[in-house]
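In order of appearance the chains are A, B, C, D and E, and numbering begins at 1 in each one.
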Amino acid sequence: MNKQIILSVKDLSVSYGNINAVNGITFDVTEGQIVTLIGANGAGKTTLLRAVSGLIPYEGTVSFSGINLKGKTPHEIISGGITHVPEGRAIFGTLTVMENLELSAWVVKDKGIYRERLRHIFSLFPKLEERKKQLSGTLSGGEQQMLAIGRAIMTGGSLMLLDEPSMGLSPLLVKEIFKVILDINKSGKTILLVEQNANMALHIANYGYVLETGKIVFHGSKEVLSGNPKIREAYLGV
Amino acid sequence: MKNKLNRILMLAMAVSLVLISTAGCSKKDSSVKAEADVIKIGVIAELTGEIPAVGASCKNAAEMAVKTLNDSGGLEVGGKKMKIKIQIEDNAGRAEQAASSAQKLITQEKVVAIIGPNSSGGAIPTSEITETAKIPMITPWSTNPKTTIDTRLGKPKRYAFRACYLDSFQGQVLALFAKNTLHAKKAAILFDSSSEVLKGQAEVFKNTFEKNGGSVSAYETYTQGDRNFSAQLTNIKNSTPDVIFLPSYYSDVPLEVQQAHRLGITTPFLGSDAWASSELLKLCGKDCDGYYFSSHYSASSKSPDTIKFVKDYEALYKNTPDDVAALTFDAFGIVFEAIKAAGSAESEAIRNAISKIKGYHGVTGNISFTGETGDPVKGVVILEIKNGAFNWYTDVNP
Amino acid sequence: MDLLKITGLTHYFGGLRAISDFELTVNSGEIYGIIGPNGSGKTTLFNLITAVYRATSGSILFKGTEITTMSSDRINALGIARTFQNIRVFNGLSVLDNVRVAQFNKFQYNILEALFNLKSFKKDEALVTERAWELLKSFNLDHRAYDLAGTLPYGLRRYLEIVRALATEPSLVLLDEPAAGMNQVEISKMIETVKDIRNKYGVAVLVIEHQMSLIMGICEKLKVLDFGVTIAGGLPKDVRKDAKVLEAYLGSEVMD
Amino acid sequence: MKVVASAKKLAVPAILLVGCALSCSVSNSNLVDRYVELVVMYVGINFILTLSLNLVNGYMGEFSVGHAVFMAIGAYTSAIITVKVFSLSLGPWIFPLAVLTGGMASALAGLLVAIPSFKIRGDYLAIVTLAFNMIVKSIIENVDFLGGPRGYLGIAKLTSLVWVFFFSFMALWVIRNFVYSNYGRGVVSIREDETAAIIMGVDTKKVKIMTFMLSSFFAGVAGALYAHLLQFISPKSFDILKSTEILIMVYLGGIGSIAGSVLGASVYTVLLELLRPLGIWRMVIMPLVLVFLMIFRPKGITGLREFKWFIPSAEKKIKLFKHKV
Amino acid sequence: MRLGLSYLIQQFLNILQLGSLYALIAIGYTMVYGVLSLINFAHGDVFMLGAFIFFLAALWLKLPFIPALIVTVCVTVCVGVLIERLAYRPLRNAPKMSAVITALGVGVFLENFTLALSPYPQHIPEIVKNRAWVMGQVTVSSIQTIIIAISVTLMVILDFLVRKTRFGMALRAISWDISAVPLMGIPVNRIISQTFALGAALGGAAGVMYSLAYPVIDPYMGIMIGWKAFISAVVGGIGNVRGAMTGGFILGTVEIAVTMFLPSTYRDIVAFTLLFVLLIFRPHGIFGTARSVKL
């Protein structure tokens, strides 16, 4: 396997006012892998993802496939190949399922690719096809998460940032979603997964970073992290 | 941080105080120097705000009046030719700005008399200030009776004059005109209820008309800024009047008349002095043909003064002077006449001379003051709109 | 004695059931924990108790008084205060004022006394200010008392929120994820703080938390919510062994 | 120490006394031009208006756009009193009473906006205040007793520099006391987070009623001073344009700050006079100045900071800090 | 007779004309509010500019109606976009109220700038030959027909645009949650500019039609109608395009109905009192919904 680094983050810091939400973080994501960032609420995970996709200003460098992303607009970054499934899903409630998907195809110019991806999404989530005319605000939590992931697939790109996909979902649904994430990964996408559900995240990930108050405190392969007693106590509840 | 704000605040206050006073002082110096051979008159006009057209006419006529006089060598005062200088201030159509304009003209510009403001809302507060400062003021256009009367004491103000007739007189003339000349038995009225002038005209018309045996079949209103009168006109149409009295500003008249025609109303309209602007002809086109209205003056009058005024004004400003322009011109004429008669440019002398003016030949007819009030004795002109022009129809003198 | 007694509490958002048939009894001076995955209805429960939302059905009794239909400020006056998951201190007020404003119900002076700066106003203000200082001192916030709350670091704002809640002189405090975003050292400090709230101020605590160390460290009783449904309850040591809880909250260990 | 304390106690009455004496002598001597004096009086009246609107829009964070209506109610009420009483020749000492009555009437009207504000917020509340402005203006136009569109006449010139100073100072002192009391803190807590405020026991209904009433009280006072300065009031003086003018002064100076109101009212009023030589272009330049100011100082001139004289001594240590609203 | 059928039909036509003009302008307010939560107080003045540009196009360039309309719309679009760029974009992250005050300032600037150039009201020449058809006691004029037809067409097109096109979806997405929109790869700034362009286009078109119906124009004509259109937008539920349309027709109906049944002097009192009452019962307008706050 060609182990190329696709995303490289160096000394990334973000502050809101005087508060440092992220404090000098450095990490890499290797192509084709699932990398997870775990940590409690407020540890800075979401901020980190928002910085990577250009939504908030930051210090330090983020490069994607060797291209420095600093100063680029989210629009440029997204069309450059990074997709971001935000925390809380952020689907557009007043739009139908189909409209949500169509909208996320903004950067897709080719009709053929659009149809191809649509088929792919509906094969992953047959439920979405059943509900494609329904207002997305009326979907259940799990369906909304499917739609959010579906949108990211539609946008395309080689790296997918996933922010807490398991939030508010029943265990059964969480399993289903994580299975889909694995599938997506197998289809060739690199995934950067932010999760609170450390057990599940480490279960599917190749590599993990542990965040605490804006800093990385541990990192390692999933075996290393799962074996670390401190992490087991703090995050795995065992 | 605190100190910085401290400094900003102190600085801002100091700067603004210094600025106002120096602005005042520098003017004072120059006026002292120039006082020897220049008479300064203040003009307060509605250059911005709700009736900018009135202000524009007033400003044009004022500049023309002064230019004409100065070009002819100036005004002879006590054997010496003196030039007139005017200072024009904007009151934005608002009472407080009219007051500060007046105060500024009096205390800083040291004017001997003030022409304006035209709207009663500005003229009344201004008259209070000129009364205290003992400076004569002539409002060209404010027809509100209270402009020249001190309501508290119930007697006329000493320093407030006007160049126009009163609303009550005009309203009576129009009601009688509708009754006797137009032979109307039923009249409908549509007016701007937010305008003190127009509401006054409507009320007087209604009272006089009913007193003389007529009936008012519809009494409809709108407020300033309205452009759609269809609902009111539909009501009027249903009341089948013989005449529709329309005390409306000339900018509204075309809309009302056109909308009436679109609704199939054929009843003739009758207007007041608020119609009197050459703009009306442009705005209204053929729609107003055959209607009568009252005015302060007629641009088609055969009087030589009027003919010259209209010619000069058209040459300068490329449009026919409206009544505000004519009245402003006359107001200046009255002041010049008074200065000449008094042989002095002192405010008190001017005031006394104005109150004694008899039979001044103005653009708007003969103007006399009784000496008791600031209201002139002068006639109403009734005009007919015909073939895109205002034609003199009749004069009604008190 | 039952301080808070909730029976049959159910709430719907649109057609979605956020919480259903919830039962809870908190005794005076007790520390009670509520856990469950994100979105399982824990914060909704707090919002129902403090009347941010109105319950679809069920009843909430506090000190024997029905508070289900009461307004939020009355409920607070009765003795329930809370903190918020995503800190909601008044950023535009100073730290001191955040604590003083929470004593709104404790003021005796009327509006005229305030407007004209009369004696009773000054006396009351002095008392309230003193109380605020005491609270700030005991939570080590006094050195930042004059700063705007919006300028405090994250951790201190969490404490400020707790101080603000205590300033209302409650007999029950609802803490919504007090240790979110904290590391182990900070969590142990928070554990001490929560214990203090009960021991020093005699206030019962109902706490939502994901940090197991905090929950296990302080809670005398636990309730586990999943999808708005109570799936387990009882003593912490029993709950953590419950299979359903492990499955729902901690995530199943094995995946196929 | 004791001397200092008692000196502090006397500071407020002392400033008031000295200020009154000073303004009295200034207006009776010819030290200051009448024009400057008039402009200063406008500044004072505008300051009261700005400060009173700042209470609602700045401190409480609502968006009231019809503030001129309260001015109108104060103006008409006080004018009716003085005109009726003066016809009985009862003497000018009735004037402060008339001003206060005008304020009270206006405060009662404030209740009419306060009550809908429990349910209606933001832009919808803005429309409620706007509608209220239009309704009252239309009522005045239709009531002959109030002079209709012709305006109310016969008002004596009772407003002098002394009274303007006195009421400006009272407005400043009273509103300062309010802002630094628990009510004031409650007001700011509503702006910052209304839900949190009510949960933390702030009686938001009471606070809203107090704030709207106090705000409209002082707007009424300003209206009364205005009426007795210009001796003429008509519905047009209190239209939506007047309301807009007050709004502009509030945001120009800076919200949530007494210093902001002082600066907003003086800069606006003085600038309007200073730009007079520009004639018709004055009203073109004025809004441009405003737009540039907002772009370069989006939080107004003071930007949420307060001038230290306006902070009670007990509160002085509170650090001033720019922050986002 | 007063309330005869033909009278009612006549008044109904009046309502349609007035209501559709209010609705067209209200849409401009509501769309900008949807994307930026900003009350664009300058919109009434863009409408006024539309009338003036139409006047110039008709008088100076001697253009017939349709080309004059197109020229007007193009110019107002430029003005709308320029206002957004110069006055609002620098304040995108500033407190919301600063932008509102800036909008007020821009409005006053436009009014007085126009006034400085043209102090007298202007008359629009009769570009469209007006004909009146009389049917019994009902009179229908060609201008009335044109206004209603064009307004309704524009509204149908806009409704289609908002509901069916990608631009419309982006618009609705932005009003729902602006923060997530960039993540779809959508250039938010461009959409906002386009929204301003569209709003200004509708404002300009409304200006043209307004000046057809009421051919006297002056620099302050946008103030009152602007406020009324804004009220319409709020009544409908601000941010909602269909709400703005409904609100416009409701305001038109109320204003005319009051004149029909009560002395017209009471029109403002009754109309605004009704508005007051409506907001008490529906604090978020007719189509508006409260956004729940996450605690």
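Operating definition for what follows: a residue touches a chain if its C-beta (ideal position, glycine included) is under 8 Å from a C-beta of that chain, and two chains touch if they have at least 3 such contacts.
Note that the coordinates shown come from a computational prediction; the quantities given were computed from them, not determined experimentally.
Distance between Cα centroids is largest for the pairing of chain C with B. Ranking all chains by how far their C-alpha centres lie from the centre of chain A, first place goes to B.
Of the two chain pairs considered here, A-C and B-D, the higher C-beta contact count falls to B-D. The geometric centre of chain B is 35 Å away from that of chain E, both derived from CA atoms.
Centroid to centroid, with C-alpha atoms defining each point, chain A and chain B lie 73 Å apart. Averaged C-alpha coordinates put the centre of chain C at 48 Å from the centre of chain E.
Counting partner chains per residue, chain A shows two or more touched chains at residues 17. The multi-chain contact residues of chain D, meaning those touching 2 or more other chains, are 138, 141-142, 195, 241, 280, 283, 319, 321, 323, 325. Residue numbers of chain B whose C-beta contacts span two or more other chains: 47-48, 52, 193, 223.
Interface of chain D with chain B (complex): residues 32-36, 38-39, 42, 83, 86-87, 138, 141-142, 148-151, 153-154, 156-157, 226, 229-237, 241, 259, 262-263, 266-267, 270, 272-274, 276, 279-280, 282-283, 301-302, 305-308, 319-321.
Those residues of chain A that touch chain C in the complex are listed here as 17-19, 40-44, 138, 140-141, 164, 166-171, 174-175, 178, 196-200, 203-204, 212-213, 217, 233-234, 236-238. Taken together, the chain B residues at the contact with chain D in this complex read 1-2, 5-6, 8-9, 12-13, 16, 19-21, 23-24, 47-48, 52, 88-90, 92, 94-97, 99-101, 103-104, 106-108, 120-121, 124-125, 128, 132-133, 144, 146, 151-152, 193-196, 199-200, 223. Those residues of chain C that touch chain A in the complex are listed here as 14-16, 37-40, 85, 150-151, 153-154, 177, 179-184, 186, 210-213, 226-227, 240, 247-253, 255.
The touching residues of chain A, when paired with chain E in their complex, are 53-55, 73-75, 78-79, 83-84, 86, 90-95, 99, 102-104, 106-107, 151, 155.
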